[in-house]
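Have a look at this one.
Every chain is named by a letter (A, B, C and D) in the order it is written, and numbering of its residues begins at 1.
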Amino acid sequence: MKCVKVGIYGGTGYTGWALIQLLLGHSEVAIQFVTSERLAGNSLKSTWPLAPNITLQSTSEVDLQEIDCVFLCLPHTLSATVAAKAIKAGVSVIDLSADLRLNTPEDYEDWYKVPHSAPDLLPVVYGLPEHYREQIRGANLVANPGCYATAMLLGLLPLAKAGLLIENMPIIVDAKSGTSGAGRKPKENILFGEVHGNFSPYSIGRAHRHIGEVEQQLEAVGVEKGLLIFSPHLLPTDRGILAAIYAPVKDTEQAINIIKQAYRHEPLVNTLLEGEIATLAHVVRSPYASISLTSATETSLIIMVAIDNLLKGAASQAVQNFNLLFGFEETTALLNASQGEA
Amino acid sequence: MKCVKVGIYGGTGYTGWALIQLLLGHSEVAIQFVTSERLAGNSLKSTWPLAPNITLQSTSEVDLQEIDCVFLCLPHTLSATVAAKAIKAGVSVIDLSADLRLNTPEDYEDWYKVPHSAPDLLPVVYGLPEHYREQIRGANLVANPGCYATAMLLGLLPLAKAGLLIENMPIIVDAKSGTSGAGRKPKENILFGEVHGNFSPYSIGRAHRHIGEVEQQLEAVGVEKGLLIFSPHLLPTDRGILAAIYAPVKDTEQAINIIKQAYRHEPLVNTLLEGEIATLAHVVRSPYASISLTSATETSLIIMVAIDNLLKGAASQAVQNFNLLFGFEETTALLNASQGEA
Amino acid sequence: MKCVKVGIYGGTGYTGWALIQLLLGHSEVAIQFVTSERLAGNSLKSTWPLAPNITLQSTSEVDLQEIDCVFLCLPHTLSATVAAKAIKAGVSVIDLSADLRLNTPEDYEDWYKVPHSAPDLLPVVYGLPEHYREQIRGANLVANPGCYATAMLLGLLPLAKAGLLIENMPIIVDAKSGTSGAGRKPKENILFGEVHGNFSPYSIGRAHRHIGEVEQQLEAVGVEKGLLIFSPHLLPTDRGILAAIYAPVKDTEQAINIIKQAYRHEPLVNTLLEGEIATLAHVVRSPYASISLTSATETSLIIMVAIDNLLKGAASQAVQNFNLLFGFEETTALLNASQGEA
Amino acid sequence: MKCVKVGIYGGTGYTGWALIQLLLGHSEVAIQFVTSERLAGNSLKSTWPLAPNITLQSTSEVDLQEIDCVFLCLPHTLSATVAAKAIKAGVSVIDLSADLRLNTPEDYEDWYKVPHSAPDLLPVVYGLPEHYREQIRGANLVANPGCYATAMLLGLLPLAKAGLLIENMPIIVDAKSGTSGAGRKPKENILFGEVHGNFSPYSIGRAHRHIGEVEQQLEAVGVEKGLLIFSPHLLPTDRGILAAIYAPVKDTEQAINIIKQAYRHEPLVNTLLEGEIATLAHVVRSPYASISLTSATETSLIIMVAIDNLLKGAASQAVQNFNLLFGFEETTALLNASQGEA
């Protein structure tokens, strides 16, 4: 008998469907509802041909009675309100939007340029299990990290914790993402005719919002704010993130060891052998992060972090968090979900 | 001194920009205006980085005084009205929309499900120069053929004229197009994330509107209507059409000779040698059609016709028509425009 | 305890790796060896980053003692010899090559232009479970169908069995495949630079070898040879086949019902609702076939059959056959293997 | 009458064909021969469908008598020998290989791990016209820069010359290239099935050979060697390079002005306006470099340099050099060659 009853808000986008696929393979989960304002009343199959026949509901139709946990795959600004309502109804929440990642309403408004719609919820546990596992276990509300932020923090947190980053030196991250990261709402810049044959940077420098959540987590372990330089790019592929992190470190050899050590027993983070370099093919359609470590000079370390933006960068990380919240083995429904590029 | 002053309605879509590129290389053409309702006031460069700085105008701002010819890259239903106005002002018109391709308002309404907005203009010369060159020369209004229709008619018209098609047998055309054929207006089905890794048929059977114009031209040379079965597909690439025409013929050898003969002296239609098969690489970014002829059985001929949907299927064919209208060498601005896949 | 010990010959190509992924998820299978001549001694992981650490062996190193079943993902001509040796050693064989698909050595030589290397094995049960399930159950040697042949026969066999195909009329199949169908051995025509932006037909008419196995199976139910006209094309994507079958039928309505009926209870063949059309997105990374049926005229039926060439066209069909041979539920390791496009 | 007679060594690869296309449009050039060892005796059209019928010759057949200039699109190690022979015969040489880019045989052997085959030719003028125009004008032998090196030096040389780079700080370049940069010789890593859906770094850190030529040019204007950290990546597209240069500068505002100043009058280098970011769409199929300048912090400048690796990174730069050598306007055959993405 399936014991945890879940609902998914926003099931027709790329993240929602990736999440539903994982939850359908989770032996302890029963999906009770999937919402979509645009397609309410239609089957999930109408927008995802490989999906089962689940009738989509509008948010207003949904009954939280008897629901144990909801996953929010909603646009930011909408998500916090739904989270607050669910928490009030005694339902656990895993929020995949950006609404609950920053610790204060002020920081949120700084980066998102709108007031926070549920400031009382803040701060929320940050759902990066490899670094905040114990806090997540005890929570009923988790902020799932941003996709780029996941890649950056997996690379940088071990160094920051160990005090190995050289002070006052810029930390440069040049990251590339497949188009699913931009969502499924039609916009000219993600049309096939615009992306095919192209490759384009956007929001470079100190502009991208994920800088906020990354620097918040780094500051908590002693790295001052303002050093991160971040250049995201749109790749001509559908999924996957590869972040090249150029970390100024006190000693590359020591830094490499610290990172290897940090993930030695992590089931979903693979540190590659010397000489290997992480690529999208290491991770696409899988819940893994793949990390390679290359010493460029004695004090310049290149950390390549590859993840599937829809999985470790969103849906499978949400399932890790869910498993921690409800006391299941953290990798349940994930290890066998490997959707390798055959 | 450039002698022909032209205006382009709808210059920010894929077809408009392809046309502008060709006209910029035409030594006898001066572009006087380019319209865009959405981007009026901005530079063409704002939407096409490689474009020159031409300020886009709204249709209402445009002055037809002193204009010799306009090209209409507008959606159907809008185009006919603009055409009528231009003709009335004594300006020649090359219409790249579907509005003027069918001979009667009734046929138009049958296929397009809306009343025709300028029925007095009909019928209009059909701008397929390889088959209607003389009529085009004397015209001041030309209906540029549809992209799929161009491919189909280049393959079928020589056989139809020669009476080589077996009567009452279905003519099957399985055609594939790059996404630029679907335009540049954002829609979910042409997002990168939907098209990448996919391949999808649409409007198959007797449903696609280009059947109307193809059967109209075939009927004029004695082929009864209703035999064409047409399956268009969306390819995961940006440009190019390949149409596989399965023609039931009285004798494949004779049919092959008739088609070779028809295009022997055509500068923009290449008939491939025996054993070669036409592919998109033969034509993409060029004004050419490439045709291969394969005898499957004694009475089944496979005609592969490849064109660039934006060039021979739209913009370069419009320039051929323009050259005919204004007495220039038909291939002016085209032969050197070959934008081969390097 | 896993009870069936299997070996895989040729594990480093696209098909081999797709098969290994499925078998790793099969609760009753233990993979005992994977061969590769080129990479013997290396880990499977060295060529497939997401693979487990299985050391590849050369064929000569392999011991068939204690092996229950082998899967042959070898080039044709090599496969039959290995099959003969395995059968002699009492090991069941599922051959994914073309070597055992034709019933006689003469037919094989006609299509493959080389003498058959193990003629005594012929004829072999043809492993298309939806049509030959009972014969497969009792076999110890199965010829897994070709990828294109699978798509064609799923569409045509129900009509042929029901006598609904019009006699003497050509049956036209225009099919498109991702590049993985061409294998992983480097060749110029499948380089990224050649395929990207291109779309190319090959071996069209009556030339492609899969015609042999398709007509053999159709002839067995009364359709004369020589009517099939088949145009395969290379798509700019990695996996998936879409075959457009233009079937001349006595009555399209009846034909549609017959096909729906044929697959009503098939777990891995989905017949779409009226108005829907099969696309690659219906099947890629899944073990399903998706079939749509469109009446073009009263006697012209368009059957679109979509499969993943590496799964239903190869590896997952091999697992269906394996399950039948060893008495497992036919869909074991397949239903949960759905690797949907998220 | 065409006055300069040229020969092209190695005309069947991507660079050779890109060069031939440009030279065919050059009014003062007559192509006298194109070599290919593999395809000697065949037409260029056999490998490039859009090419004219030029019969390919083997190197040994070629007569340098009456040739004015040769372009070498040969693999490194082969190129220098052919260059030496041509120079001896009084023929000017533009070498697109890496053989003549480094000033000393020792440097060459350091980076290429083979002895130099024509050390007497060294040092050779480095063919980056925007920075070495006067030296090129007087030369009869030019080393065409590497594709990545072109992108890096266009960004860095103005800063280096002006003394604006902070000393002892690493200069980080994260660059991405289409697959045509890897050549047309079949290899597993550039198969469509491997590149599609993937994105992969290679030779990162201090490993890639272009570091040698870049640091050589920077050292000449006072930047010490050893600071460049360079990460090239393979993009899932066919052509184009985008290099993200993270330059540590004394003052970003001043640095931006210096770079704008440097290219203010350059016809083939476009410096974008503030707020715009260079993408591949700015340059693919064009001879232009597109440069955007973003101040990340007061001392961190992000310079994005986009070029077409086959044009400004190879063939069109070779034509710039050719025009300088023979006294033509530098942009002859280039400005109208713009093969924009329509």
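We take it that a residue touches a chain if its C-beta (ideal position, glycine included) is under 8 Å from a C-beta of that chain, and two chains touch if they have at least 3 such contacts.
Small disclaimer: the values here were computed from a predicted structure and weren't measured.
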What's the chain with its C-alpha centre farthest out from chain D?
C
When I count C-beta pairs in contact, which pair ends up with more: B-D or A-D?
A-D
In whole angstrom, what separates the CA-based centres of chain C and chain D?
46
Dist(centroid_CA(chain B), centroid_CA(chain D)) in Å evaluates to 37
Where the centres are mean C-alpha positions, what is the separation of chain A from chain D, in Å?
39
In chain B, which residues are in touch with two or more of the other chains?
14, 180, 194, 196-197, 236-239, 279, 281, 341
Residues of chain B defined as touching chain D within the complex
14, 17-18, 21, 25, 48-51, 180, 196-197, 238-239, 279, 281-283, 285-286, 288, 290, 310, 315, 336, 338-342
Residue set of chain C touching chain D in the complex reads 14, 178-180, 184, 186-188, 190-197, 236-238
Could you please specify the touching residues of chain D with respect to chain A in the complex?
170, 172, 174, 176, 194, 196-202, 204-206, 226, 229, 231, 233, 235-240, 242, 244, 246, 248, 277-281, 284, 294-297, 300, 302, 304, 341
